[in-house]
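You will see two complexes here that share chain A, one where it goes with chain B and one where it goes with chain C.
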Partner chain A sequence: MSKTQKIETTMEIVRTLVGLVIAYAVALIILFAISDDPVFIVRQFILGPFSSPRRIGSVINLAIPFTICGLSMCFMYAVNRFNLVPEGIFMLSACMVTFVSVKLGNALPAPVMLPLLFLVAALTGIVMAFIPAIMERKFNANVVVVSLMLNSIIGFLATWIMRYHMKDNTISFIGSLELPENAQMPRLFSGVQEKEGFLAVLKSFRVQSGLIIAIFCVIIVAIVFYKTSFGWKMRLVGENPQFAGAVGLSAVGISFAAQLIGGGVAGIAGATEMLGNYTRFQWTATTQHGFDGLLVAVLAKKNPALVPIGALFLAYIRIGADVVNTSGDIPKEFITVIQGIIILLIAAESFMSGTKHKLIFKAAEKEEAERKQKQQANTAA
Partner chain B sequence: MADEVLRMQNITKIYSNGFIANRDVNLVVQRNEIHGLVGENGAGKTTLMKMLFGMEVPNEGKIFIDGKEEKIANPLDAIHKGVGMVHQHFMLLPSLSVAENVTLGIEPVKNGLYDFERAVADTQAIADKYNFKIDARAKVADLSVGQMQKVEILKALIKGAKILIMDEPTAVLTPQETEELFEQLFILRDDGVSVIFISHKLEEVMHICGRVTVLRHGACMGSYNTKDLTQASLSKLMVGRDVVLKIEKEDPTLGTPVVSIRDLVKINSFGKNVIDGLSFDIRAGEVVGIAGVEGNGQTELAQVLSGLGSFASGEALLNGESIKGKSVREIRDLGMAYIAEDRMVEGVAGNMSIKMNIVADRFAKKEFKKGLFMDAKKIDKLVDQYIKDFEIACDSPDEPVRMLSGGNIQKVVVAREFTSGANFLLACQPTRGIDVGTAEMIRKTIVRKAREENLACLLISADLNEVLECSDRLLVMRKGKIAAAFPKANQVSEDVLGEYMLGVREMTGAEMEGLL
Partner chain C sequence: MSIDWVAFIADAIRLSTPLIFAALAALICRQAGMFNMGLEGMILWSALGAVICAHYSGSMWIGLLGGIAVGLVSGLIIAFASISGKADLYLTCIAFNLAATGGTVFVMYLLTGEKSTTAGAFRSYQIPNLGPDTPIIGGLFKLIEKIPVIGRIISGQSLLTWLALLSVVLVWVLLKKTRLGLRIRAVGENPHAAESVGISVPKVGYVSFSICGVMTGLSGAFLSMSFVTFFMKGMANGRGYIGLSAQNMANGEPIGSALASLLFGFCQELSTTMKNQTTFPTEFLEMIPYAATIIALGITGMLAIRRRRRVESGQAAAKEE
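Entry: the complex of A and B
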């Protein structure tokens, strides 16, 4: 590695750590002011998510949709098109798989039913992502604006489908009919009978089987990004569209295709969450998972292989907030503020860039001095 | 006379990628002076001025204005301290009037509302004072380029600028407009405004500047009185053509025409014919050089031939097939390779690895695939070979290109374009702003490939040395047309070439017969 490259990598790590330390320090200071037992609260926030198998399981369960949504956003982010429709797709695809499975009932066996449902979800995502993408391509509409507006439309569309086409009138709250059994994905290790031993511990985590899908998706997407020509094209187009054009790639076509694929992945995210965690579709508004996905993609620097880490981190601080909320005297909103600070400091690329530039400057200066010395030595000789 | 307005002392600027743009530069400007700041592209003129205008912060060095040391934090601060800048690309609001543009930021107010009449009066007053023939009520969108520039100057003057930076102001002007601008600059000068005139047009600098400071590769080559200099000695300072480049080459054995251009016309968005009925051939085995002052249609010609830009009429054939309406991919597949003028924009993706940049034009081809995936081994082997062949100094093929020096970045570009298997090379400014060693390697490779591999090459370059030495046939472009053609480039003198480039002389069609 060159000097500059080394400095950049080191500073990246230092920056993240300093960001964390500052965020927790700020939190601690405020907590001392407003809480009766600040140390307890901080310990709960930091260690709470690890305090029981159930909570560890919750972190993992929450990280699953974050991961798949993060992958979806990686596609948008890689080609620099902030198509935010995954937020809506997550809800609509959950709605669509519920609708299809309710209509089909138990007619199909699970091994056929589940792939069919995931296909429906992916298609839902592709169709929805197509709308802002084509609007931008044909009419030069701003993809961010179109996708945000589309999210509102999708939210109401999904609610309408639920209320008018699959509402369960026998329950006292608003929700769809129950998913047929062959469409529900069991929790991992739920079949384990032993009360003790390794498997029993795994069972106690209560992790949804979406974990397998998430891992599968990470591997596939990472391969697409780094091992296929489409992934290479996508990254080239995202980094420098003019250069991509000059070497004969169609920047427009490639970023269009990337958005569609991203939409498809978001569809899979919604279906995974729905079939793995719920028995009915009950959402009446979009769920923020899409936006969280963007956050994860930013934290992971649009590298699919790092997405699970970003997702786990986000899930960890979310669960920490829940723990504090239920066990301490601090309102959940306060924890949201701390989350905000942490994410802000980590995502802010220019944070501490002054220090980085100074280090690079010093290194360049040193090289320059060496160069001069050499020159002088040469002229002397 | 020694009334010093500005002193920039020992200025050093290192960009965050480690690139040293200015090294120990000194610049002193007097009152009542038009001070030339000259140097090749990439010599560091613009960087130096950006620091004066608060757009960049120097790493080292001091800036004194009127003898007082100043830290200039941002452009607003610079304006406050009496520095005004007229950018090469105008920063105007086309839908507003001249007066509104000029008073932007210091709007006159009456009863809490914008006082348009006062703005017009103020603007007109200052315009008349300096003999600017401009209507303060006119909409900027309706003005000519020359008039827009005046609005820019007015913007600086109304805010009390006593140092006016003009960044290549004549690049966009017609000769008449240029003359007019000069007269106004003289009025400004006599009125106590110091003008820093950035240019690489030597005759203009000699004509209007009292003193001139020369930059070369980021370093200061000193300041001189223009009356002590000739254009020749100034150009020597700028370009440092002490080492005259010589490339040994035999006469080309000409093959069939690879590229045929007939009556090519390209019209830009302002309706101007930027390429105006161009016709010439490039044959296999020869290097055709195009010389000319920048902005005479060379860039547009490259855009047309590379497929990045369209053309209005005429015909361009590559290996017998028309390129009209074809995509870059299709033209590349017909046999075109392209070294782009600005390597950071069209030549590389800075954040991507050396490896990806080298194979960017071909990784999607079948030969680099293994089933669904990329054939990583084959690509690695190829890239390692090219890094060795082209002597790219790097730590690994996975290092991002932006961390390399300019010369090594250009080596990445040529490693790709020289090996693409094309029989037509479109080389635009192939050695701009890079070290001598790399430049020589690139030039020699171009000539060698023409001789040994029957490559047809179109070399578009602002570096006279380069076009004169590398080319076989030499064409001069002026105002979108061929102004002159010479059968043997290395027998043309720079003086003669300069006269054709600047329009002092022009060849007739009969003189160029058989040379196109």
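Entry: the complex of A and C
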């Protein structure tokens, strides 16, 4: 790695961290400015998420869908196609797995049922991601607009499926029939009987078993990105489409495939959340998970291995906002503003670019000086 | 099923108004070579800004100006991030829209203590509709109303609807007949070439975002001060994106974009009317405007590709000769 490259990589990390710190500071300032009891609220925001095992567990539980959605958006972002349909897929795949499992009932044993449901979810995702991707490929339609419109349509479609094909009429709110037992994924360590000790502590976190799926997905996606020729091609197409074209790669075909895979991953995210966290499907609008996934992918710089860290950070500030929301007078919506600021700061190339150029310039100057010294020494000798 | 077609058309035109403004906003940015997806968030902020300014000043006109000012500022924020900050425009806009969905609710909650609508907390102001009761030109509308069918459509439309039609002409003049318009188009066509003849590309970018901001301000003000008289969570409802596709359909031409917006307004009205008139699942009716957008994007894209192929084959034939 050359010196310039080294400086660039370090600066990228520093930039991301500084961006996060600034956004976090803005969040604190907002809280400080509008709260009646600022010290208490700020402390709640920072420390609240760690105040009980239950809350730590909720941070992890929330980070699970963020991680898988982030992985999904990594595929879209890596080929520079902002196909935002994971937002809709998350809801629709949750709806579809509920539909299939409600219709099948307890007919199949869990080891057969769960893989089947995940297959259904992934297929749902692939089919939905196919629509904007093919629209762009065949008709040159803008993928962002098509995917956003499609999200609205999907929201209505999922609501329709719930209301007309699996509504539970015995409950007072709008919701689907309950998931059969063999389709519900247990919480991790829920079988632990002991009241004390290490295992009991783990049990008290109430982490969903989607954690295993999320870790599994991170590993697989990281391998696809960095150890397969497809991953290499995909990154090349995203970073330098002209060069990719010049060496004979089909930019269109590869970005098309990447979008479909991303859709499939988003489907898995929806199914994981549904089967691990809920017993009924009752969403009537899309859940923002897709956009959160985009934020995570931006934070992780499209690197799947870093996605869990971004997801944990996002989950941490979200739970912080939830705690503040319940224990104070602050609406949790302020966090979306913070999210926007984070994306902006990290996406802005000129943010701290002056410092980067100075560092590179200094390094180059130093190298040049060393070279001259050597030359002088040589000529002197 | 009985539909009052005259009222239907009048309502469709009313529903098209915010879309026309949005399409004009989108097309100015497009002519300057930028695909501004942030419209959605800009409209949302303007709608809220209009209601707040009207409530605290007690004047409808200041509310309207406030909406426009908020739109202008939001346009400048996006311009600053993407032009001066060199952030990817798509990401900037997605971030901006995200911040707008939550941020408007946040601001609304701080001011009113409500999270879904300002209807109860804020006094409602309505930008006047032009009809026989309007001072000065009311007499004219009395005459117009006597014309069968058309009279009922024209009379009673909002002042902003008329302004939308006027804006179509103004934007057309701006782009085709003024020096600024020529510069905007030159930058959109080829920024490097424009720069080489001494046009400041960032400056033109900022100016187009400002004009775009004014248009979204009007669009937002229409939503919260004419269509209904309060602000509601997420009330832009995809109108920014629909405006973008309308502009896309017409290839960035003002008059065509306005006609495309009318088409989408028609689709929205169709969806509302059918909801009241039939027992068809409402979910599918609600999909109509969005599905229409996707289909329209597909069709226009297909036509554009076909046109290009024809030009290319013509060029090939010319070369052979």
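By our rule, the second predicted complex is superposed on the first by the 311 of 381 C-alpha atoms of A that agree within 3 Å, B and C clash if a C-alpha of one lies under 4 Å from a C-alpha of the other, contacts with A are read in each partner's own complex, and residues count from 1 in each chain.
Going forward, a residue touches a chain if its C-beta (ideal position, glycine included) is under 8 Å from a C-beta of that chain, and two chains touch if they have at least 3 such contacts.
Just so we're clear, the structure is a prediction, and the values are computed from it rather than from any experiment.
In the superposed model, A:Ile341 lies in contact with chain C only, and not with chain B. In the superposition on chain A, contact of A:Glu368 is made with chain B only, not with chain C. Once the two complexes are overlaid on the shared chain, A:Ile219 sits clear of chain B and of chain C alike.
Of the two partner chains, neither chain B nor chain C is touched by A:Val252. In the superposed model, A:Val112 makes contact with neither chain B nor chain C. Once the two structures are overlaid, the count of chain A residues touched is higher for C than for its counterpart among chain B and chain C. In the superposed pair of complexes, A:Leu47 makes contact with neither chain B nor chain C. Applying the stated contact rule after C-alpha superposition, one finds that A:Leu148 touches chain C and leaves chain B untouched.
Shared interface residues of chain A (contacting chain B in one complex, chain C in the other): 353. The touching residues of chain B, counted against chain A in their complex, run 14, 16-18, 20, 23, 59, 306, 308, 327-329, 331-333, 338, 340, 345-352, 356, 360-361, 363-364, 368-369, 372-374, 376, 394-396, 399-400, 403, 416.
Those residues of chain C that touch chain A in the shared complex are 35, 37, 81, 84-88, 90-92, 94-96, 98-103, 105-106, 109-110, 115, 238, 241, 244-245, 248, 281, 283-284, 286-287, 290-291, 293-294, 297-299, 301-302, 304-305.
Chain A contributes residues 1-2, 4-5, 223, 227-229, 232-233, 235-236, 239-240, 242-250, 353, 356-357, 360-361, 363-365, 368 to its touches with chain B in the complex.
The residues of chain A lying in touch with chain C in their complex are 34, 82, 84, 131, 135, 138-142, 144-146, 148-150, 152-153, 156-157, 159-160, 163-164, 291, 294-295, 298, 331, 333-337, 339-341, 343-344, 347-351, 353.
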